[in-house]
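Heads up, the next two complexes both have chain A, just with different partners, chain B and then chain C.
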Partner chain A sequence: MYQNLSADEILNNLTQIAADPYERAKEWKMETGSKIIGCYIMHFPEELLHAAGILPIVLQVKEEPITSGHAYYPAYFCGPTRSVVDQAAKGELDFLDAFVGGDYCIQAVGGSEVVGNLLPKVNNMFFRLPVGNQPWTHGDIVQGLKELKRDTERFTGREISAESIRESIRIYNKNRSLIKELYELRTSKPGILSSGEMMSIIKSSMVMPKEEHNAILESLLPKLAEQKDSKRQDAVRVFLSGSFCGAPKNEILSLVEESGAVVVGDDLFHGFRYISDNIGEDDREPLEAIAAHYIDKNTNVPCPTRCDPKTDWPQYLVDSMRKHKADQLVIVMAQFCEPHMFFYPDIKDAMQAAGIPHLLLEISHELDSIETIKTRLEAFVEMAV
Partner chain B sequence: MTSKTDGSSFFTMGVDSGSLTGKAVIIDGNKQIVSHSVKQLGFVSQKAVTMAIDEALDKAGLGLDDIAFTVSTGYGRKRLEIAGKNLTEISCHAKGANYLYPEVKTVIDIGGQDSKVIAVDPSGNVKNFAMNDKCAAGTGQFLEVLARALDVELTEIGELSMQSDADIKISSMCTTFAESEVISLVAEGHSTIDILSGMHKAISGRMKGLVGRVGMQKPVMMTGGGAKNIGLVHALEKSLGVSIFIPSEPQIVGALGAALFANDFATGIRKKVEEEQDLDKSRAPAKDCASCSIQNYQLNKTT
Partner chain C sequence: MAVQEAKRANRLKSGKLVNKLVNEYWEDLINAKKTGKKVIYTTGLPIGPFMAAQDLAWIHGEGYGARVAARHEEKEPQTFAENRGFNRELCSYARTQMGCAMFAEFGVPDDLMPGPIATEIPAPDAIVTCYPGCSTGPQWDWAIERVFGKKIPWFNVVIPYHMGRNGSTYMKGEEFEENVKYVERQFEDLIKFLEVISGKPYNWDKFQELMGVTKKVGQLRMEAMELCKAKPAPASFFDWSIQIAPVNYLTAWPGTIEAMEAVKAEVQERLDNGVSAVPTEKYRIFWEGIMNWNKLGWMADKFASYDATVVAGRYTHMAFWHEPDSIDPEHPLRGIAINHLECQLNLGYPITEERMMTLSKEYSIDGIVFHGARTCRSFSRSHFLLAENLNKKMGIQSTSFEGDMVDDSFYKEELVNTRIEALIESLEAQKSR
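What follows is the complex of A and B.
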């Protein structure tokens, strides 16, 4: 059905799906009678859950003010965690059949517990993802995956075969590869996709069947490839970094571009971080391949929650800036995001040592003065003109 | 007031549409200030901006048609239709401060709605900056609210606070909470001058943190309406351990910077700079540190 639509129409559809992120999944549930499992944002083996015949979706931050959630989670915790708790408290996640929490950050652990308690009719699971990169880490991750596989099988009442996991890996790899193609297209023509559109493409991928998303991207790619680049050649080239768990507010992405900049690369979770690495499709036992992926993808795009001593996120950013010929770095940090705050001093030092100007935008869930952010972004871009 | 000879036969204007006041500055082709005006009405008042423009034109004996180029800045910068270009107040304060005091390296701007610390290079470019990002605490609006709570005129609070030798601590920097705290201090019997002094110390403490984010380099200049408050200036000098230069009209520095940018655009200087940047970006992809665009960017910034 997407073959007959223009690139703009396809992008509008994906933007709408991303804007109301659970609606497509609810429709899918009505259409198929199958089950949906909500994943608590980062670092979940969606491929394994997909292989069980259920639809895994990544829970999304909503921009609406937190109300009911205040009763369960304090205001000094990060916006993404509080937003998911708030959605659960308001009954907005009651459409889920199962929920899987994680332990990649202390706020996520607590948030998972609270959401689990707020969704009593939902089957609650937990994915234990050991941190680090020691000789035993791979084996530990495999064990965590086996525990989740066991719990998922109990939930669905049927065994997950190795072949079905391999098939899911192929589908998910295809999705990552297609989005990477979009990134490559955008490298040569930065104007064909705004950063907001790019984010909507990735966000929609997280909340709808990957097979359907793949079909949409296969229609979109050739249409975009035909388009001419509309961006001014002298626009200031900006690399966007950070924003774990929650997608950066669309308004902020628009402001970056309205300030006269063009986004030439990112390591956002709702960006390159989500699709940076494919899972091996070799003869390995599939859970072994997924575990290796968790270590490899952190080498490709280091994540502060993974506590991997062999990776260097600040240096990765310096290298990425050079690779993308970026003039400036804009860091979007969710207020009270502990892993990000922990790394920021090192990033600041690395940028100063490399002579790269950077701007830190610490974004709170409710209290942002957009006008102030606008002035700071514009002044930052003016520095490079 | 105007001498229309040599470079003085053409004029540019800078307009600063601030959150509390409208400011306009007209300069001639020799970059000499011809006239200026400051008007205060409501929040981001278009009327105040129009009044400031009219007064500046009137003082200069000029009409709008005599202005070759106008640059707007401040909160309402996008709303001024006569402006050929708008730039942030951060760039404009740096430019204006550098014009008034070419050696200046750090500019502290306390305006109506926000405060900024700007590191300025010898050419008047912004090297780095920090800005209060959450609320109006420690700004002109904060002072207005507290002056009202203490029933004193805003223009008097500086001199009054200088009479105090008490050491009152106001811990809260949220405008609303600070107001409650001030009410408690009044109830406890503390004098108005001591409370005002405590308030200035509290603001200077907050500004010290903002200065620390940029890294203070002397000489330091203060701009914006806050610089007219002698009590705040003294508290800040004590807190930072430096002597702060205050221009005779600190509120017009942003509009002055905008007028100077307008001159750059009108004479083509600004465009020339952009062309140089374009040339820089068209170079071959970097293969090593010496040729990469980031290094070139830095070289450009320092020349």
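What follows is the complex of A and C.
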């Protein structure tokens, strides 16, 4: 059906799916009678869950103000975890059959404990992903994957075969590859996709069947490739960094572009971080391949929750800026995000040493200072004009 | 009206013995490099014996932060850290210790005049992390590793979060056993790491001896605390917070057995003579949350003024070698793993709730104070659930206020007063019904 639509129409559809992120999953559940598992945000082996015949979706931050959730989680916790708790408190996650939490961040651990309490009928699983990069880390991650596989099998009542995991890996790899093609296309023609559209493409990928998303992207790619770049060649080239869990608010992304900049690259979770690396499709046991993927992708796009001193996120950002010929770095930091707060001084030092201007935007969930953000962004971008 | 005249908490006198050990420890540490000892930075659980057995000095990051705050020297290191870009919403222990570490690495800036304790921290030769139920710890140590130019060897013991799924609850269940073995294996690797750092084979005899001391001190403390189930309680949560060093960074330090024996003897003597921690105990309170080190005396006196004894707390009663009987000094790794896996921060919500209910019954708790330490989100993550469920299941009333471990800028004193007063009034009303 997407073949007959224009690129703009396809993008509008994906934007709508992203804006109301659980609706497509609910439809799928009605259509198939199958189960949905919500993954807390960040590091989860969606491929393994998909291989069980269930639909894994990444739980999303909603932009609406937190209300019912205030009774369950303190206001000094990050917006992404508070938003998910709020959704559970309002009954918006009742469509889930299961959810899986993780130990990469204590705020996510606490959030999943609260959600477990609010959704007692929903199967509550946990993915243990040991941090670091020691000779034994790969084996430890495999063990965590085996535990999640065991729990998923108990939940569905059927075994997950190695071949089904391999097939899921192929489907997910294809999705990542297609989005990477979009990134490459945008590198040469930054104006063909706004940062908001790119985010919607990735966000929609997180909340709908990957097979369907792949088909949409296969229609979209050639149509976008034919388009001309609408951006002025002298626009200020900005690299976006941060926002590990929640997608940056559309308003912020729009402000960056309205300030006269074009986004040429990012390491956002709802961005390149999510699709940076494929999982090996060689002869290894699939869980071994997934575990290797966690270590490899962290080498390629370092994550501050992974505690791997062999990686260097500030240097990665300097290198990425140069690779994308970016003029400026805009850092989007979710308020109360500890992993990010621990790293900011090192990023600041690295940028100063490399002579790269940067702007730190600390964003509260309630977004109570949009005018201030607008003024700061405009002044920052103007510096490079 | 619940407000009473100002009264002072009747603190344990034997705490002075612990102070002496604490001073000896810090004196030894400050001079460690002069005596040829290597210095290991640690955070999280009390793992001092691993280093002590190998004649290495160790600095416990939280212990250092608490000491600096207890001496009211925390402002300058915190300011230094913030000036470098560390957000004030970050763990205040981390901000304080990192500020001190940056004094050591970069020197003291001209516009700051830090106190003597804040500037005496030696630079590390290695870092060992052993953090339960908190992602902040390893991220903090990684930041320290970067402060010192990414050249300090770092070993991170991963303590798996004890969610308590699949029927695995306390000290039983297949999953718990798997996790104990997992942690034991990491301790074996830690020992190899320490052999490399120290340049000599591991001294297992010394380690076993130290774990024998640890077990004894842990037993004495738990026995002494259990004496406080009596009404009125002879000692309070604030006493146990003051006495935490012998089971925390001072674990197995020479003299800890004698100090804890003296503490237990004083508690027993008080019990025998009807002497209580609060002159006129009317209410028994549970402190839920981490301790606020620069408010400790103030808090102890405040509750005493309301005739309320804070008799127990998750911080003191559900960690720090609280399972001493699981330690076999001849084969110590398993017992260490069990104590650390079972530490209060590492427990999933259902287990935390179950154990708090047990403690509330055992200590005849009337009300709970939730201290929402703003920058310790690990501790405060389950406060709202606990408040609701303990009220629903046991009828225990509670109050809460925001605060912090070592950053008193998060306190609004009048709000704290009002909240405590409101709790006491509701307890009074409940008792008079």
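The rule we apply is simple: the second predicted complex is superposed on the first by the 384 of 385 C-alpha atoms of A that agree within 3 Å, B and C clash if a C-alpha of one lies under 4 Å from a C-alpha of the other, contacts with A are read in each partner's own complex, and residues count from 1 in each chain.
Definition applied: a residue touches a chain if its C-beta (ideal position, glycine included) is under 8 Å from a C-beta of that chain, and two chains touch if they have at least 3 such contacts.
This structure is a prediction, so every number in the text was calculated from the model and none was measured.
Engineer: With both complexes superposed on chain A, which partner does A:S177 reach: first (chain B), second (chain C), both or neither?
Structural biologist: neither
Engineer: In the superposed arrangement, which partner chain does A:F126 touch: chain B (first), chain C (second), both, or neither?
Structural biologist: second
Engineer: So, does A:T187 touch the first partner chain B, the second partner chain C, both, or neither?
Structural biologist: Neither chain B nor chain C is touched by A:T187.
Engineer: Between chain B (first) and chain C (second), which does A:A71 come into contact with in this model arrangement: first, second, both, or neither?
Structural biologist: The second partner, chain C, only.
Engineer: Of chain B and chain C, which one touches more of chain A's residues?
Structural biologist: Greater contact footprint in residues on chain A: C.
Engineer: When the two structures are overlaid on chain A, which partner does A:N300 contact: first (chain B), second (chain C), both, or neither?
Structural biologist: neither
Engineer: After superposition on the shared chain, which partner residues are touched by A:C105: those of chain B (first), chain C (second), both, or neither?
Structural biologist: In the superposition, A:C105 touches chain C alone.
Engineer: Classify the contacts of A:M321 with the two partner chains as first (chain B alone), second (chain C alone), both, or neither.
Structural biologist: Touch partner of A:M321: chain B, not chain C.
Engineer: A:P345 in the overlay: touching chain B, chain C, both, or neither? Say first, second, both or neither.
Structural biologist: Second partner only.
Engineer: Find the residues of chain A that appear in the contact set with chain B and again in the contact set with chain C.
Structural biologist: In chain A, residues 362 are touched by chain B and also by chain C.
Engineer: Could you please specify the touching residues of chain B with respect to chain A in the complex?
Structural biologist: 75, 87-91, 114, 125-129, 131-135, 273-274, 277-278, 281-282, 285-286, 292-295, 297-298, 301
Engineer: Inside the complex, what are the residues of chain A that reach chain C?
Structural biologist: By the definition above, chain A touches chain C via 71-74, 76-77, 103-107, 109-111, 113-114, 116-117, 124-126, 128, 130-132, 134, 136, 140, 143, 147, 151, 304-305, 307, 309, 312, 335-336, 338-339, 341-346, 348, 362.
Engineer: Within their complex, state which residues of chain A touch chain B.
Structural biologist: For this pair, the touching residues of chain A are 233-234, 237, 321-322, 325-327, 354-357, 362, 364, 367, 369, 371-373, 375-376, 378-379, 382-385.
Engineer: Show me the residue ranges of chain C that touch chain A in the complex, using the header's touch definition.
Structural biologist: Those in contact with chain A are residues 84-87, 89-91, 94, 133-136, 138-140, 142-143, 145-146, 150, 154, 156, 158, 160-161, 163, 165-166, 175, 182, 185, 189, 348-349, 372, 374, 377-378, 380-385, 388, 402.
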